[in-house]
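Think of it as A, B, C and D in the order they're written, each chain with its own count starting at 1.
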Amino acid sequence: MTKEELKDKVLNLSQGMLTYSDSGVFDLMFEVKPENLTKAAVLLRDHEELRFDFMNNITGVDTGEHFEVVYSLASLSNKTRLDFKVVLPYEGAKLESLCEVWKAANWHEREIWELYGIDFTGHPNLTRFLLPDDWDQGHPMRKDWDAPDFVRMPEL
Amino acid sequence: MGLIDHIRNLLKGLGIAGKHLGRHAITIQYPEERMEMPERSRGIVVLLSDKETGELNCTACELCMRACPTAAIKIVTHRDENKKKHLDVFEVDNGLCCFCGLCEEACNFSALKMATKYEFSTLGADELVWDVNKLQEVGRDVDYVDTRKKKKPKPEPKADAKPTAPKPEKTDAKPKPEQPATVSEPVNPAGSSTEEKVNEEPLPEEQERKEEKKEGGPTDGSV
Amino acid sequence: MAELRTEEFQVNMGPHHPSTHGVCRLVLTMDGEKVVAVEPVIGYLHRAIEKICENRTYPQCSPMMDRFEYVTAMSSDYVYALAVEKLAQLEVPERAEYLRVIMLELNRIASHLIFWGVTAMDIGAYTPFLYGLREREDIIDLFEMTCGQRLTYNYIRIGGVSRDIPKEFEPKCRAFIKKLRGKFSDYEGLLNENPIWLARTKGIGVLTPETAISYGASGPVLRASGIDYDLRRDDPYSIYDKFDFAIPTQKTGDCYDRFIQRLDEMKESLKIIEQALDGLPEGEIKAKVKPKFKPPEGEVYSRIESARGEMGAYVRSDGTTKPVRVKLRGSSYNHLALVPEICTDVLIADLVAIFATLDIIMPEVDR
Amino acid sequence: MSCTVIAFGELHGIFAWLHELPVSIGLPDSVQAVVMYAALGVTVFSVLSLFALFLVWWERKIAAHIQQRFGPMRVGWHGWYQTVMDALKLLQKEDIRIETRDKVVFFWAPVVCFVAAFLAYVVMPFGKGLIVADLNIGILYIMAVTTFTVIALLMAGWGSNNKYALLGGMRSAAQVVSYEIPMVVSLLTIIIYVGSLSMVDIVESQSGWFFNWFIFRVPFGPIAFVTYIIAAIAEANRTPFDIPEAEQELVAGYNIEYSGMKFAMFFLAEFVNMFTVSAIAATVFLGGWNGPFLPSWVWFMGKTLTVVLLLMLVRWTYPRLRVDQLMEFAWKFLVPVTFANLILAGVLKYLGYWE
């Protein structure tokens, strides 16, 4: 399956849930509205012709304007790959958890919750694990967070 | 597998261990014997001196400082009346150095090299900061290939060196002494030396950064 | 006699425990010798590499990658370089790609040798650890000869490799391949058939294919469960499609299979290295990369098959010299998430065996 | 002093002299025996302590050379007094005592372990005449006192008030008690042919060339020897049966909370135990001090150290068994095999194989 075919197929099957985004340089990148997330994920995983059964990675991104959560998926049987992302505002960033769809999402979501402060509703165990247990200094991966003694590198 | 097989396999393992018992050790006794380091081995950063005059090759272009990912190199320069740059301070904090070799590759003047030496343990972290004299002294006996053009220290890319040199003049629009070399460490590695340095000038940096933020991300090459 | 009252108790395994491969804490709920539940606690090795990278230029990030996964630092160098090359659509010279493949495969062997030794040590046999390190030493000598470092190579850069191999590399590498082939009989004789070893690993920690896929297990762990999936063949990067090599798989997915799987993979890697050495072309080793390297705006997720499984790097650029976001995906992260799933109702000794054969390396988990 | 002709290099003169010492210096009868045994005890104890230190060094060297490294090389020729220095270092170390320990038990555990390890040497025949007391129940006595170790380990596990230590202590109790049975039964196979429990009798009935050793002479001797060695490794808590201290599982098991000299006592006791089981193997199966040309104690030491070498090779080669497999191996394999062996040997003896 070439990339174009896959793109058409995903766009047709998703009926507007997934829209194409051109920010993905190499692999296909789609965009999903937060409310459609679980539906889109189940479709991608379970549809006969897609079968994205393998969750590679979830990345939280702070672009400086809003949050993005990028899901990277792969299909072991079809040997295809795609990414899709969800754009979230800073205020009250909240997303459905995909732990039920891919169990691999569990820890990745925990990490994003911890480092970005994005809430995942329905996550079974949203507790601290990467930062110290008594951490109370916010979410370190946000762009507006700096370590107390943080000094920026000299510009080139 | 039957019992006999099990016993045979157990004895086979014993035989392999016994076979090695008779062999000679492959390790070496370190302070007495030393490994011969390969010529490319990346050890301590040293400053190289001219083979004839014995003076430093460094032209104070600050390329290495800019290449360094951990800000282990600190350079302070000034310009004389002929607009020629002179080196005031050249310090390498070996405690911060991550031995990546980027400074060596950035240098176009054969001024700096990661020598094959590797022994520099000290009793305190502050003794790991080496100044220009120490760096030069350690680098005296280091052999190197001089790729400079004589008499004309104009930046010329090395044969296979990666970066084409940016113009050193351009980088120094701002005079350096007013903005002493920034020694920065993004996330505190809990070293006392880092904290001291950070305390030197937290405020201007902080403000600068905040300004950048408002403009929407750091601008590139603003100096 | 009255019924004896028993209760479960909790044991902290780690952060400093001989068999947690770095600093990982496992909170075990135990019923006597039996482990009822495991909860991994991570973060003891968190170095904030991703945050640091946001404050570095693209070339400056490359030394950080060595620290991401220091057992196969070549792979972590490469996955980042690959992501940035995809972003900037850089053409990498062919010789550089060959050199990369040689180094990646040598590093894979080095990692598997450590795995072989460490697993044996975790199950109680000390000597194999030293034998594994002995052969790894030769590989490291090859690396040092080429790039100057023994652990944090910083060799694979954006656009190519940092230096060409020296003249004596090829004969030494071929000699090493020959030597290692000869050592396999020792390796197999020491453990593969040993009845104690079989008793300790056969049927322990069985990972079903469905669980493996769902938890995102990859690499040797996935293949030991019987799924024939290898990124080198199924999503070819670099020039792996030019080489002829087999992808070994096992059937049951227990500790023994995961152990044998890696021994088999070493042999295949040797084949790839030989082919790469035979076909090594002349030419440039690095594409031109400006010091103020600015990839165009965009985002990319690159993935490669490292020694432990799928290693990924998500890099996002906004067109400036510094990345907006670098996310590193280590396979150990997903494998550690598997531990609570497959480590229920096992003995504490089995837990150690499972942990060892999943080949979890903590720097990759904590980043 | 004794008037018999002594072979060159024999040491039993020393023991004879010590036996007669209280009499010759004219002590009253009531304290003669006490002084004599005290003198003998001190002699044997000091020699054995040094020997245990030597064994530690030797084990490190053997392990190192199997693994193609050097091992200790710094103090003396090939580091020969490294362990002496280690012991001195451990003596100077702070004795860390955790607050929550069981004070009495925690204190006495290493003492019991250390003493129990040395008690066996009362009846050990180091050479011709080199024996502290030739008890007529010698081997039974050894079996009895070596089991003291398990009490010490259990005490250490309990007194440390540490979960790892407790697990180690429990494992050790289960293991040592289980392996006691095959060990004793293996020895019984030989003893029914000797007809005496005295160590000296056992050795003397093997006099002559090596085909008189019980391992070759007694029917099923080799099997008894192998089962004895297996059980002995378990008794000495060494890999592949070192689950009480299994480093990768329980970190250090029962001695996790011990430091300084208390740890050293456990450590030395472990090596003394290893020497004990090897010495019993040498005495019962390999002919003890019997051997031509060389002095008897040299033969004894040579045979014992050979067995020790075997134990060391085993330790550095094999992986560790799991705790349930260990018990299964003892009860489902070793115990039936040794009992069958014993019964067959007994039947053969009854049928007149042995005259």
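Some points to look at:
What we mean here is this: a residue touches a chain if its C-beta (ideal position, glycine included) is under 8 Å from a C-beta of that chain, and two chains touch if they have at least 3 such contacts.
From a predicted model like this one, the values you see are computed outputs, not experimental measurements.
Central chain (C-alpha centroid nearest the global protein C-alpha centroid): C. Simply put, of B-C and B-D, more C-beta pairs touch at B-C.
Averaged C-alpha coordinates put the centre of chain B at 27 Å from the centre of chain C.
Here the spacing of chain A and chain D, counted between their Cα centres, is 63 Å. The distance from the centre of chain B to the centre of chain D, each centre being the mean of the chain's C-alpha atoms, comes to 57 Å.
Distance between chain A and chain C, defined via averaged C-alpha coordinates, is recorded as 24 Å. Across the assembly, chain D contributes 66-69, 316-318 as residues in contact with two or more other chains. Across the assembly, chain C contributes 48, 51, 55-56, 60, 127, 131, 134, 190-191, 194, 196, 291-292, 318, 321 as residues in contact with two or more other chains. Residue positions of chain A touching 2 or more other chains: 64, 143, 152-153, 156. Residues of chain C touching chain D in their complex: 9, 11, 17-19, 33, 120-127, 130-131, 134, 190-191, 194, 196-197, 199-200, 347-350, 352.
On the side of chain C, the complex with chain A involves touching residues 40-43, 46, 48, 50-51, 54-57, 60, 86-87, 89, 211, 213-216, 227, 229, 234-235, 291-292, 296-303, 310, 312, 314, 316, 318, 321, 324-325, 327, 329, 333-334, 336-337, 341, 366. Residue ranges of chain B in contact with chain D, taken from their complex: 10, 13-14, 16-18, 20-21, 23-27, 29.
Across the complex, chain D meets chain B through its residues 62, 64-70, 73, 313-314, 316-318. The residues of chain C lying in touch with chain B in their complex are 47-48, 51-52, 55-56, 59-64, 66-67, 127, 131, 134, 137, 141, 144-149, 152, 154, 157, 162-164, 166, 186, 189-191, 193-196, 285-286, 288-292, 294, 318, 320-322.
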